[in-house]
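Each of the next two complexes has chain A plus one other chain: chain B in the first, chain C in the second.
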Partner chain A sequence: MRFIDWLDERLAIRQLIKVMMTEYYVPKNINFLWSFGVLIVLMLVILIISGVFLLMYYKPDANLAFDSVNKTIMMDVAYGWIFRHVHAVGASIMFLLLYVHMARGIYYGSFKPPRELVWLTGYVLFVLMSATAFTGYLLPWGQMSYWAAQTITTLFEKIPFIGPDLVIWIRGHFIVEDPTLTRFFALHVVFLPLLLIIVTAVHLYAVRIVGSNNEDGEPIPKEEKKKKGIPFWPVFMSKEFFVMAVFLTFFFFLVFFHYEFAMDPINFIPADKLQTPPHIYPEWYFLAYYEVLRGFFFSQNLGLIAFVLSMFIAMFLPWLDRSPIVSGKHRPLFQIAFWIFVFDFVFLTILGKLPPTGLYAWLGLIGSIIFFAFFFSLPIISRIERKQLENGGKK
Partner chain B sequence: MEKEERMQENNENMSRRDFLLYTMGAWATVGVGYALYAMYKTWEPLPEVMAQATVEFDLSTVKPGELKVISWRGKPVFILHKTEDMNECPNRTVAGHYTVVIGVCTHLGCIPNWEADKKIWHCPCHGGEYDACGVNIFGPPPRPLDIPPFKLKGNVIVLGEEGPEYKKMISG
Partner chain C sequence: MKELKILAILAIIVIITYLGIEPYAKHVMHGTIPPPDFSYLDLPKFKLAGDPSKGRELFKVNCASCHSLKADGIEAGMDKKTAELSFHVVPPDLSNIAAIVEEHFLANFIRDPQNATKNPKFAMPPMGYLTNDQIGDIIAYLKSTAKKELTGKEILHDACTRCHSVKYQKIPVLTSPEHLKTYLGKIPPDLSLMGRAKEHEYLITFINNPQVLLPGTTMPRLGLTQEATEKVVAYLEQIADPHKEEREKIGMWVLIYMLIGVFLTYAWKKKIWKNIH
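Here is the complex of A and B:
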């Protein structure tokens, strides 16, 4: 008896492989943007492996953390620096991949029925990943780590009534201190990655049940799957391996030659609770939201509400954009809004790093308003398109 | 007849099962509730943190025009000996000459730097500014720097205890 038959009798492994791989048909009319999902899984694996190796020398203690990273891992452990650079560059590139993956979903309407749960689980993954990056960033206990954690936790202080007590509870201290480091450590290395893995599994399962969307947003009934698609394994993956190879070349080029973009020089100064560095800013992937926070410069509360809203509003896309036309490829009006939004996001990211004074403050406000305008224009655009469709044929 | 009996029996079974289900559900809710509460409690500051009680400091060691920074509950406290050319603020001045404030920006918690030439605190994070009394004069900070609870014993200030001078300051 072959081993696979032995397994099949006990785990129904053939059925599983069919559902997840060989009989999951990926539509033919897709482009390279559909390869990012698998790249994200690859990136998650790289982060987990590099993270485990960092963990072997990292010491979660306010007195030891900085040296354990910057001395032990970087200088003493053989090849330790590779693992650190892979982990830090990996976290950064992860967000690049996530943003492209999400923008793809927005453009081609992949969040629309029946894929709402694919979108929602994906969005949860984005939030979890952000939390993972935020908690991980504190671990090296450098100046940037410290002050990022200090300012972001202070945001919770602004919540009415419970705020001031809540911050102390989150930090386990009046300021960011050793208890904050150890709890962030626990979240970063165990709890959040565990949730990430579980939600990733649900996300992938959900895609297989409803099927991949495609460039034209064309629904593909069961009977036509074979004709209009290719099996995920081995056909889709054989192409994906090529994309992975190109991506990894790019990734390791960054790791070896341009890692500095993910390693802020200020973070090589140990955390100093009494001295805020002269200029602090988040990692690039949070700059756009940070700029929304600062954008409403005339009112702190408005800024905070906008900040929270900006991070979660995209989650509600399935209910904001209800246009019967699925794919942006066939929606000229939506395309305009979409591209303005993409440029605005880049614009906010750039502004986020500039000082928030004078002209920049006003540009930040305008950029923030455009950010929200995109989401609020969607119900209107949907309506116009529905009308056009009803008056059909006239085009 | 038989059928009806059986149905009745069934009904009885159902209600017995329901009863068990509800009791178990209630019991489980209590258990989960306590578990969550215990988890919540583990995140509270440890007794040793809460006990970082009071700090004493001799104000007379700060020369006119000088700023000293001491640490209280892990936070910096600015002690500035004001001079004539700095603005007046009787109800924010301690012992006649001193500005005593928690050196944590009321915007997002960065530590403002004293700029002796301009006689202001400038926050590096988002450009907030405070005058020599610790009152916000520019930028995003929503309110003046907080005054820590204090008590005076002659020249010595005790941080962390509410003395009559502090209460008077806060109330008016």
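Here is the complex of A and C:
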């Protein structure tokens, strides 16, 4: 008996391969932006593998952490530096991939029925990945690690009634200290990755059920799947491998030759709780949200509410945008709003790193308002489009 | 074609973001770094000429109570402990000082260290009673003992390690920390990773004149020559990033490998998609 038959009898492996790969159809009218999902899975695998190797030498202790990263891993362990570069650049690029993946979903209406759960699980993944990145950033125990954690955990102080106690509970101390490092470590290497893997499985399962969206947002009934689609394996994946190869070339170029954007020089100075750096800023992928926090410069409370809202508002897209037209390709009004939003997001990201004074403060406020305006314009755009469709139908 | 257009749009957005958060934001945050001034011409001019043998005698009388000059077999009159108790910092051995410090600066330094270093609390007392000729003799003597070619590491030993440790190179700080705290107000940072934490131009200008970049700092201006400054910064950069050469070499091979991957995967894609419309 052949091994594959033996396995098939016990695990129904052939059926599984059919459902997951050879008879899972992906629409034909999609572009390479649909490859980003698999790229994200690839990136997650790279991060987990490089992370495990870093874990072998990292020491989660406020007195040892900095040297274990910058001396042991970066200088003494053979090729340790590659793993750190890959992990740091990988975390940064993960967010680039996530943002492109999400922007594609927004533009082509991939969050709309019947894919609400794909969007929701995906958004949960984004939030989990943000938490993983935030906790991981503290671990090298450099100046920016320390002060970013200090600043962001302070935000919880503003929560009514429980705020001050909550901050101490999160930090395990009155300030960011050794207990903060060890609990962030536990979250970063065990709890959050575990959740990420579980929710990723649910996300992929949900996509297998409802199928991928396509450029025209055209629903493909079961009977037509074979005609209008291409099998995931080998046809879609043959293209995916090409996209992967191009992406990895770019990725490794950054890892070896252009990593400064992901490894801030100031983080090569050990954490010093007595010396606040003149500029405190998060990594680039949080800058837009950070700018929304600072944008409402006249009221800290309002800024905080806006900050929390900006992090979660996109989660409610399926209920904000209820236009019957799925893909942005066929929605001129939505396209305008979408591109304004994209440029506003870039604008906020850049502003987030600039000092929040004078003109920049006002620009931040305007940018923040435009950020929310996009989401609140969606119900209106949907309504206009619905009306247009009804009128067109009457003609 | 359509896919290339999408890629182009993506690339433009990424590049704009990158330019905004890296070069532009850095420029706004840190401004432009003023160039260093290795002539030290803000200090009064000296006419420097002298006799090394006279200088040796003057050195023994005026300097050797605190400073050694091991190259010429002169030991300091004071041990480390006494020096620390009197000055809160260890006086340097002066064998190679003239190869490290610019001579016009050195002359001004001997006469008025507080003014030359821009640190009003600088430990060495002013030698204002020495005449210009005598200072010239001492400098001529110091030049005669100094090694011509110094490495970055040797310069660091002579110029920095009194106050700074370099623990990843197992170079300890010479003065004990509690004395440094009394002397400078805080324990000066370890230099192991400075070459990576600060950019090249910053380090050069900072060593040249700390007050320009960090007004109020207790780090003295040390009057290093251009050559000494560049060598010591190159050394700091090398120890902060010891795998640079290896990284660039491996990086090239990885990129070549990936490019081959790009061609192979493209060929396979072409083959599979041939019959798909």
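Everything that follows uses one rule, which is that the second predicted complex is superposed on the first by the 392 of 395 C-alpha atoms of A that agree within 3 Å, B and C clash if a C-alpha of one lies under 4 Å from a C-alpha of the other, contacts with A are read in each partner's own complex, and residues count from 1 in each chain.
One rule holds for everything that comes next: a residue touches a chain if its C-beta (ideal position, glycine included) is under 8 Å from a C-beta of that chain, and two chains touch if they have at least 3 such contacts.
Fair warning: this is a prediction, and the values are worked out from it, not measured in the lab.
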Simultaneous placement of chain C and chain B on chain A, clash or fit: fit
Partner chain(s) touched by A:F161 [first = chain B, second = chain C, both, neither]: neither
Partner chain in contact with A:H279 - chain B first, chain C second, else both or neither: both
First, second, both or neither for A:P355, with chain B first and chain C second: both
Partner chain in contact with A:G172 - chain B first, chain C second, else both or neither: first
Which of chain B and chain C A:F3 touches, first, second, both or neither: neither
Touching partner for A:F32 - first (chain B), second (chain C), both, neither: second
C-alpha centroid angle, chain C to chain B via chain A, nearest 10°: 70
Partner chain in contact with A:I266 - chain B first, chain C second, else both or neither: second
Partner chain in contact with A:R183 - chain B first, chain C second, else both or neither: first
Greater chain A contact set [chain C / chain B]: C
Minimum C-alpha separation between chain B and chain C after superposing on chain A, in Å: 10
Shared chain A surface residues [contacts with chain B and with chain C]: 278-279, 355
Complex interface listing, chain C residues touching chain A: 2-3, 6-7, 10, 13-14, 16-18, 20-22, 24-25, 28-29, 168, 189-190, 192-193, 196-199, 240, 242-243, 247-248, 250-251, 254-255, 258-259, 261-262, 264-266, 268-269, 271-273, 276
Complex interface listing, chain A residues touching chain C: 28, 31-33, 70-71, 74-75, 81-82, 85, 96, 100, 230, 234-235, 238-239, 241-242, 244-246, 248-249, 252-253, 255-257, 260-261, 265-266, 268-270, 278-279, 284, 287, 342, 346, 349-350, 352-355
Chain B-touching residues of chain A, taken from the complex the two chains share: 147, 150-151, 153-155, 157, 168-175, 177, 179, 183, 273-280, 294, 297, 300, 303, 355-357
Complex contacts: residues of chain B adjacent to chain A: 40, 43-46, 49, 52, 69, 71, 73-76, 103, 107-113, 123-127, 140, 142
